[in-house]
Amino acid sequence: MTSKVHRIALFGAGRIGQVHAANIAAHPRTEIALVVDPFGDAGAALAARLGVPLVDADAAFADDTIDAIVICSATETHADLIERGLTSGRAVFCEKPIDLSLARVEALLDSVADCDAPLLVAFNRRFDPAVAALEAGIRAGDIGDVELVTVMSKDPAPPTLAYLEGSGGLFRDMTIHDLDIARFLLGEEPTSVVATAAAITSPDIRAAGDFDTACITLQCASGRMAVITNSRRAAFGYDQRMEAHGSLGTLRTENVPASTLVLERADGVRRENPMHFFIERYADAYRLEWAHFVEVLDGTVPPRATGEDGRLALVLAEAAYASLKGGRRVAVP
Amino acid sequence: MTSKVHRIALFGAGRIGQVHAANIAAHPRTEIALVVDPFGDAGAALAARLGVPLVDADAAFADDTIDAIVICSATETHADLIERGLTSGRAVFCEKPIDLSLARVEALLDSVADCDAPLLVAFNRRFDPAVAALEAGIRAGDIGDVELVTVMSKDPAPPTLAYLEGSGGLFRDMTIHDLDIARFLLGEEPTSVVATAAAITSPDIRAAGDFDTACITLQCASGRMAVITNSRRAAFGYDQRMEAHGSLGTLRTENVPASTLVLERADGVRRENPMHFFIERYADAYRLEWAHFVEVLDGTVPPRATGEDGRLALVLAEAAYASLKGGRRVAVP
Amino acid sequence: MTSKVHRIALFGAGRIGQVHAANIAAHPRTEIALVVDPFGDAGAALAARLGVPLVDADAAFADDTIDAIVICSATETHADLIERGLTSGRAVFCEKPIDLSLARVEALLDSVADCDAPLLVAFNRRFDPAVAALEAGIRAGDIGDVELVTVMSKDPAPPTLAYLEGSGGLFRDMTIHDLDIARFLLGEEPTSVVATAAAITSPDIRAAGDFDTACITLQCASGRMAVITNSRRAAFGYDQRMEAHGSLGTLRTENVPASTLVLERADGVRRENPMHFFIERYADAYRLEWAHFVEVLDGTVPPRATGEDGRLALVLAEAAYASLKGGRRVAVP
Amino acid sequence: MTSKVHRIALFGAGRIGQVHAANIAAHPRTEIALVVDPFGDAGAALAARLGVPLVDADAAFADDTIDAIVICSATETHADLIERGLTSGRAVFCEKPIDLSLARVEALLDSVADCDAPLLVAFNRRFDPAVAALEAGIRAGDIGDVELVTVMSKDPAPPTLAYLEGSGGLFRDMTIHDLDIARFLLGEEPTSVVATAAAITSPDIRAAGDFDTACITLQCASGRMAVITNSRRAAFGYDQRMEAHGSLGTLRTENVPASTLVLERADGVRRENPMHFFIERYADAYRLEWAHFVEVLDGTVPPRATGEDGRLALVLAEAAYASLKGGRRVAVP
């Protein structure tokens, strides 16, 4: 097995950038070579901590020792960076989404169709040990034919209005993870979508024309279906549960408490809350996602989530919006 | 408190009739006076076991000592028996549904509108200790404002084709329980319905034009919503879980295993399956439902599920069919 | 199969007598013929409710129609009633203990050794569905050879001092149930006992010379052992958990909550407390225990817990006291 | 806050040495400066992987840049290394035990009594998030006065005979962790010990004069007690559960499954096994233990487990052996 250490250029030193930076640094086969982040102090601080230079994007792409780029920068930069990375022969690891515009995503995928370098769209949940084991169980036949998938997905609290404005809206920002998981578990492409949504948790979200509570049902040609339930607010923490129901039974995952501590008193039996949000809940997923990308860099496996996966999740999000608008079931193009 | 023993005429000696018969007999304040069941041997056997006469309907209604009737007979007899019972001044306990025809239900409710005798439509799940505690928790403000209700409801196995033919179809036969629970927990009437369904589990169900797998989403004027997920088949037993999600948190019920036994071995940690079906799972609910009806007979409380509740659940089932047919969200009349 | 209805004389109309009375009355093959209870109003009230006479013991034994006696009266009456019952040819169902004096128990068992009528010593926990399934799992080989049994057994709150005075002390009154379960699950007689105990929960218990917190370890000739942990106080309810650890794994039971309701809020994930005490927790066990006794009455099975089982549990309790007193491991005679 | 990077000499490159090496390397404030391991290839391999020299002990102590030593070498080297470390002014992190001989431990602690450098005896379980939260809950008064502590502790499989020979026996090798936890949770020193033990799992262990199954009960002057249950074999994985029972309720920890995946089928509801052994189960504990040691190095907190804690756990293990031998309760000196 190769012992090459892959040199990584990290774009974006925000919250998720720092998560990936730690995993890249901890992996014996990868090292961060440079950081790119034109905004504020986070980039400089991270670069200093890692002992690597903070440079601009041009300098990063000019560095011939860079094997791969990791894109954690603002959403509107993703498509361009993917294009520059792939066309310059670097492997690309990109946080979702590729872009909020389906047209832009499709144009990008066309333009890089002939590139040899691999693109991993970082749908982190696919790498969570419980979710991965659930999917492996389905493929192993543990529940026979899949008939119904349910995804319960609630954030602990709504994001800031500033965040919401650039987010693309509930379906493109939050539900897109669940749409990807639904496709991942169904094992068949959905052919129609029907959505119900509301802004209940705050007047601000309603004023912004966005939603915070939703149910999206997907159906495939075979009849099998997936049900996604979303909320931007779960007072007890990050609610992330998935179920696949099949002819022989059900596979499902439960929330992960901070610890197994139980307190039993006259007023009830109390356990700890689920881990608060994605940084804690999916810490293992991020680590395993990076280990997978190293295998992609080694050329031993193809990316487990591709640009096409990113596009198809966005197609479903657009169909969900069309369903809401028209009050009807919408065929997936 | 009154110590009157209420005398009951039981119509129908089938599976559910026998459940109610045992509870009526075990209650210190009620006794079965007679059994009516014109079909087969079940009526005679039950009457003999109880030591009461097996008579026909006319004889039952002619008996002035009868205080109340319990209707567990075939669906098509329900509306007429309700009418005869209420107009003759007897309290009526009727298994769901009132009738498979919404027009018939509405005509009946009109015709008995002036009757003083009470009618309990036996939506048994409302009386399950966990479900009742969930609803009480909502009313007590434990989770703040309700935003989202989910009902997972799967039968262990499809019924016979003969049963399906007279059932009225998935929504009128099975989902109707879930529609009632959704209304019960939402605390606000749904104003629109959208449904997705398929026949997946057997070619027979598909051939019969019925469905076995479905997702129905209800929405209220406030935006709050309920999601019902159904299947006619859950290989591990009766899957009955309800959740209410609100501004302060979530209340939910889990399946009830046959016992708390756990077997831990090298091949995993195994617990017992959920109770197999409604007779076992809702044994306590049936008992408590009867205790409630005795209070109704005493005149101390109104029925906790009325003819109007029966009608509204059927209205939602009809709207779900209309949604399926039209491929669109349907307003509830 | 016989359809004989067995006629029962019930001795003792207190709390546990009323539990058995309800089960006897609800069983299609048994009826209470008369009640004996010389103290207070409970006997008269129960007899009136059942519509049977309240008589004295002599009258009860003089009634030739009585098939069996159920002994729920004060502990000091048990041995005499067992003797009168068995020597007069009645089957006997006796609440534990047979007597607080081992000498008296042994004398009794000698005196009735030649009686044909069966004696069931009502160790109720053996009939609990989870415990029975645990024991059946052991016998089926699910965990291979049993190596270690643990019994966690805590009452919700200490009894009154008046009760304690006549109780025989912690080991003879409370631990005796756990000693029986340990024997039941070990499948081999213990040959030595070592005990640790203290009075912690109240000065009254200490003043009375009794204990409220204890650990008793039993060991068999093969080396396998059982550990019993007791407390007279568990603020959250009745704590009743059993484990058997063997060469292939572990079988264990958990506490049974009042319902499966879960409340998830910012301050934790809360479930309902275990059922409060034995009347609720072992309701099924009492019902199944009675169903077993009916089979004993029919002559189709031998009693699942005998006078000898009662004696052996008391022998272990005495050994535990001897261990405490001598500060050493005590051989079981 | 200081940003000094502490330089560490690692003694022992075996299994646990590699765990600590990874945590030391991953911590931003510590680095491994050199490795000492005279046996086999593990030391050279680890040193090469870390890019640091492999030296002998004399060279390590001669290096003035070393701030602290981490002792993961063979048990018989521990006491000498602690002494050399502390007397040369280095902080010492030492895997348990200090030594298998109580006399040697006491001589060592006397000889280093005047050293200023801190010694952390690495009782890893104290740092597990669930155990730490349990202990914090006790100190916060969540369960009132502690009355009873139980520690269930079973290894997945017996170690090799070669390991057993140098282990000091069950109580000094395995139970010592549980004795430490019992002391940690009781909050009062035990004054007596009584033990029961057997060799059941294999003839080899019996032949070696060692035990594999045991129950040890500790009691304090106040009467409160702790019960430890041990086995060298749990076919389903590492069984590590702790409970503290107090006047207001119970705090307890459960086993941690590999993931929350649940498979529900006709043959039962199956979850994943507990994490297999200490490397997996206590991965977080080892990481947090190291973070604690960095605070000790910074001088901001005293060691959370000291040489005296190591001594007292060994005193209890010796008392347990004395109890077994004498068949009696043994006072703790």
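Letters are used for the chains, namely A, B, C and D, taken in the order the chains are written, and counting of residues starts over at 1 for each.
Convention: a residue touches a chain if its C-beta (ideal position, glycine included) is under 8 Å from a C-beta of that chain, and two chains touch if they have at least 3 such contacts.
These numbers were taken from a predicted model, which means no experiment stands behind them.
Visitor: Between B-D and A-B, name the chain pair that shares the greater number of C-beta pairs in contact.
Guide: Higher C-beta contact count between the two pairs: A-B.
Visitor: Which chain maximises the distance between its CA centroid and that of chain B?
Guide: Taking each chain's C-alpha mean as its centre, the farthest from chain B is D.
Visitor: Report the inter-centroid distance (CA atoms only) between chain A and chain B in whole Å.
Guide: The mean C-alpha positions of chain A and chain B differ by 41 Å.
Visitor: Please report how many Å separate the Cα centroid of chain B from that of chain D, as a whole number.
Guide: From the centre of chain B to the centre of chain D is 57 Å.
Visitor: Quick one: which residues in chain D touch 2 or more of the other chains?
Guide: Within chain D, the residues that touch at least two other chains are 234-236, 248-250, 263-266, 272.
Visitor: Spell out the residues on chain C that touch chain A in their complex, using ranges where they run on.
Guide: Per the stated touch rule, the residues are 234-236, 257, 263-266, 268-274.
Visitor: Under the stated contact criterion, what part of chain B meets chain C in this complex?
Guide: My answer: residues 26, 28, 49, 129-130, 133-134, 137, 142-143, 248-256, 258-266, 272.
Visitor: In their shared complex, at which residues does chain B touch chain A?
Guide: It is residues 144-145, 147-148, 150, 152, 154, 194, 196, 198-201, 213, 215, 217, 219, 222-225, 227, 229, 231, 233-236, 239, 245, 247-250, 326-329 of chain B that touch chain A.
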